[in-house]
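The structures come next, written out as structure tokens.
First chain A sits with chain B, and in the next complex the same chain sits with chain C.
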Partner chain A sequence: MNGVEGFMYPNEIGLQWSILIVLYPYITGLVAGAFILASLVRIFRVEAVRPTYRLALLTALSFLLVAPLPLQLHLGHPERSPEMYFTPHSTSAMAMFGYVYLWYLMAVLVFEIWLDYRAEIVHFSKTKKGLVGFIYKVMTLGSTNVSHKALELDEKIGWIVTLIGIPSAFILHGYVGFIFGSIKANPWWNSPLMPVVFIFSAMVSGISAVMLLYMATTKLRGLKIDIACVDTIAMYLFYTFIIDFAVESLDLIHRIYEADESFRSLNFMVHTKLYIPHIVIQIMLGTLTPLILLAITQLFKLPEFVRKRIYVIAGSLIMVGVFAMRWNVVIGGQLFSKSFLGYTTYKLALVTKEGLLAAIALCILPFIFLYALQHFLPPWPEKDNTGVPEATH
Partner chain B sequence: MMNRRQILILLPAAAIAWKSVLAGTPEMSPNYKLSEHWWSMLIDITKCIGCGNCVRACSQENNVPDGHFRTWVERYHVNDENMTEPVVISPEGGIHGFPATTDTSDKYFFVPKLCNHCADSPCTQVCPVGATFISPDGVVMVDRTYCLGCAYCVQACPYGCRYIHPELEVADKCDLCYHRITQGLTTACCENCPTGARQLADLKDPKDPIHEFLRTHSVQVLKPQMATGAKVFYNELDGSVH
Partner chain C sequence: MSAFKNTGHLLRFAGLFVIAFFIFLIVRHFVVPKSFGEYGHYRGNAIKEDAARPSYYAGHEACEGCHSDVADKKSHGKHAHVNCEACHGPQLAHASADDPSKHKPVLPDTTVLCKQCHAASAAKPKNFPQVGDDHMPGMACKDCHNPHSPAMDQAPAEKTASTSKAPQGGKK
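Let's turn to the complex of A and B:
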């Protein structure tokens, strides 16, 4: 009956949170991860990854603009969502979303991008004509001083913004983990490690996304991929992935060893309904395989073209694996009964407000934003011939 | 056909009844003082016969949408081999009762469920706008004009008592028939229970028989490890109940 095995409480049979709620932590994770990669340049002075710096920032912004949309689509009354800003409930983790989001969007990401591009914006506001020129003029916010001293000040402020941005990125995504981890009613979610797991998996997915985007866009523009850059990204990706793997394994081992009252039910679920998405896709394909592939690139001296292919395969598998992890958390957490006596089935609709097509559209949207953004704010590392004064980093 | 005398007797009674129908909120009930009550419910498992009257009464009284339940009844089938994993059924929430069984070798019993109106309820804690709240008289309720329909409260309830109303797209749940109890009536489920297995109780009323009952019986709440301050008390609750 209705895909139910065993006993579910009667109100539990239909899932409350759909694929859109899977997308929400996935997208915010990409934002946080991309920003952390950008911070490698600004704060940690890893010059090798500079070619991806601006791309990482624009990627983070494109995905951040989309991040609240799955939540809005999911709400029964989206028109009431501003109430979260005006009358937030102080004890609710979810009520903080609006503030965390706005802080990250405006105080960190948009501000940092504006500071980094200010010299170009001022230049284009003077050289571009018509509507485009006007848009650039508005984007200068009246700040047209691009003297050496002014740019140095921009750099200093940008450094501070990035410094604030790193914990902010952690808060943005750790908070998403907290939304799940703090639900004591659900043993699949309830874990103090959840925010940590979310943060590290976010870093892994965000770094992979920017690496793949950099490689794809460079190829599309007919240019040569900076191998030192992708090698360095892959190295950081590998180390971050090891930490992520360790934390996730700790969570898993802890659950297995502790084997509390929910264990039998959850264990059964992992070996039946969640076997493909959890064991096969998340752990085998999305974690162990890319981890081994990346380890090979770190241990052996491989030719450049082999390394590039490995990075593409490993990066793509990571993207799939982290998506599977979000799926297993959100959907998996609703497949079993809180009575621990039964299981239900998630029926993914196709053409509904929370269906597959809406989810695909939301996945495509950030790339449309990125395409539009790169027209206005070119992120490409090559020096152009526009005579723009070089930013001092 | 009623005569004039009978009509004259009935008119004031009808007027009082109509007034009580119109009065749905404490503000409209001048004699009801929020601070004088702390509502709970007592469920005596030994008395429940699984007839489903409570589920039907609740459904009609509160226009509960099909497939969703403000209250429901579960039937447990326990033997010495499945103490921790009993066989539980609740066909359509037990609204039509349960199939008869002739098996006398194992233990069968019914467990009516409803919102536990927890004093420290996880559902009110997580609501991002405070649309779900606990009233000063101890009833957890949802403000339908304010709820976003995010379903975070549904996820946070350990007892599966909440659902998203399919037409209104807001969270919905048992409100202990608040429109009735503030009028001095009992809930629809208690009113219609033929064996008195469900008893509305006021923990702030020193004369309420619940105090005597709690002192003299083996009473438990569901999932006490959740520490939610549940206020639905079960007499003779079997350890196998989830």
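Let's turn to the complex of A and C:
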């Protein structure tokens, strides 16, 4: 059989979960991570990263809108997906997740963004004409109360929403790890540490995504990057990354020490089929290199332009590394046989429903959403060009 | 009252949720099938609909009524617990016809049939009889094994009882 070595059970030869299922936790992770960065401003009062606050929220929203699409495309029959809400099955983790997703989308993200932008929305609803003005009018929900008192109240409610949002983001992404971690038939996945590993890698990838986006958009708009802001993000990124690295190492050490009956087989897989994506890309390029790079920026006083370059390189490597981690979990978990005697191969198609092109399209889509959103709800820190009075202070 | 003066927009947002929830309930009322949950987490009518679908299998009792000779032979061999229709395919049309000979089943081709169960595979229990491609290649299994009683080393009494000498597939 093509690409099969050793003994595989017939149902294991073809992989059921494709690159789209790799994208799904990757994209959800970016949502959770971006939101955690936003919460740094709101809850932990890290004023230095305020320039990225709104960008982080909009990024989270754009990616959250795309998050279920890989699943829809993989399963087919999107018209059936509402049935999950209509006839919820309480013992199905997937079904319950539908509610977590909806809760996170509507009660956390959309609500928080709406609260934060209300002053602008009201302002635009009065100044913009035509269809655009009408959309803003609808978004005001017919209330133009932007008095100092009202905005102060919004600020308080926003704080509460963010506070609730942090555990929600953890649940949102912890669940994705849970889906894998709770599969007891698959030793590559089955680990109670899985949700924790997923959450921390999500935070790392989401924070670097927003950091890169902030740097790129500022460059594109021909403005100066707020170095204090990027420095602070990089510092938090570094700390989160250390925790992430520690938790992932713990998982690894635990597996090696436990060395249960699956170990020989999994170990063999990591040294052969998964060597490039796991050892080289995920661990060496995607984890150790950016960790060392970020450590250098924390330890030594480097000139600004060097730091910026290091942040871009480290951030990009992290994005690749976390993607590789999702890949190794999802694809790696299907490459070996339950007999522990055989291995199969994943062949990535190009133009099929679950092929590379579909995956690339799904990766571009959040940026299109983000582009549209930033037109309507400008996230940029400098407010002078909009003429809107300072809303959040 | 003044405490709520500035909460108007928040109440409106909350109102959106309430409206959405009611729309959800109304839509749910119409799209969830009436018989859903009658017996469990599925459409109760699904059972009735399945029951109303045409049957294709007659069940081995139906076969054994007429083919008592085969049934008898089979009951002494290792295939005793393999049902007739596992090899012959669904035969309700044959068994329930007024004149079964008009719905004569096509005899299974043993070069294909037997391997479906007996092709060697490491996934099968060790003690299950299985053969690889090197087992008498190029010959039909029935040339040597009687499908209804496949053992080769049967008691001689059994063999003489059949019309021809072994291999039993020789009788035609």
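Heads up, the rule we're going with is that the second predicted complex is superposed on the first by the 387 of 393 C-alpha atoms of A that agree within 3 Å, B and C clash if a C-alpha of one lies under 4 Å from a C-alpha of the other, contacts with A are read in each partner's own complex, and residues count from 1 in each chain.
Quick note on the criterion: a residue touches a chain if its C-beta (ideal position, glycine included) is under 8 Å from a C-beta of that chain, and two chains touch if they have at least 3 such contacts.
All figures in this text were calculated on a predicted structure; none of them were measured in a lab.
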item	value
Superposed partners chain B and chain C on chain A - clash or fit	clash
Which of chain B and chain C A:106 touches, first, second, both or neither	second
First (chain B), second (chain C), both or neither touched by A:9	both
Partner chain in contact with A:97 - chain B first, chain C second, else both or neither	first
Which partner reaches more residues of chain A (counting touched residues only), chain B or chain C	B
Partner chain(s) touched by A:183 [first = chain B, second = chain C, both, neither]	first
Touching partner for A:89 - first (chain B), second (chain C), both, neither	both
First (chain B), second (chain C), both or neither touched by A:145	second
Contacts of A:118 with chain B and chain C, given as first, second, both or neither	second
Touched partner set for A:157, first chain B, second chain C, both or neither	second
Touched partner set for A:77, first chain B, second chain C, both or neither	first
Where chain C runs into chain B (options 27-35, 63-71, 117-125 or 153-161)	117-125
Set of chain A residues, in rising order, touched by both chain B and chain C	7, 9-10, 87, 89, 339, 341
Of chain C, residues touching chain A in the complex	5-10, 12-13, 16-17, 24, 27-28, 31-32, 36-37, 41, 122-123
Contact footprint of chain C on chain A as seen in their complex	7, 9-10, 82, 85-87, 89, 106-107, 111, 114, 118, 140-143, 145, 147, 149-150, 153-154, 157, 339, 341
Footprint of chain A on chain B - complex, ascending	67-69, 72, 74, 85-90, 92-93, 113, 122, 124-130, 146-152, 154-164, 168-170, 226, 242
Interface residues, chain A side, partner chain B - complex	7-13, 16-17, 71, 74-78, 80-81, 83-84, 87-89, 91-95, 97, 179, 183-186, 264, 333-334, 337-341
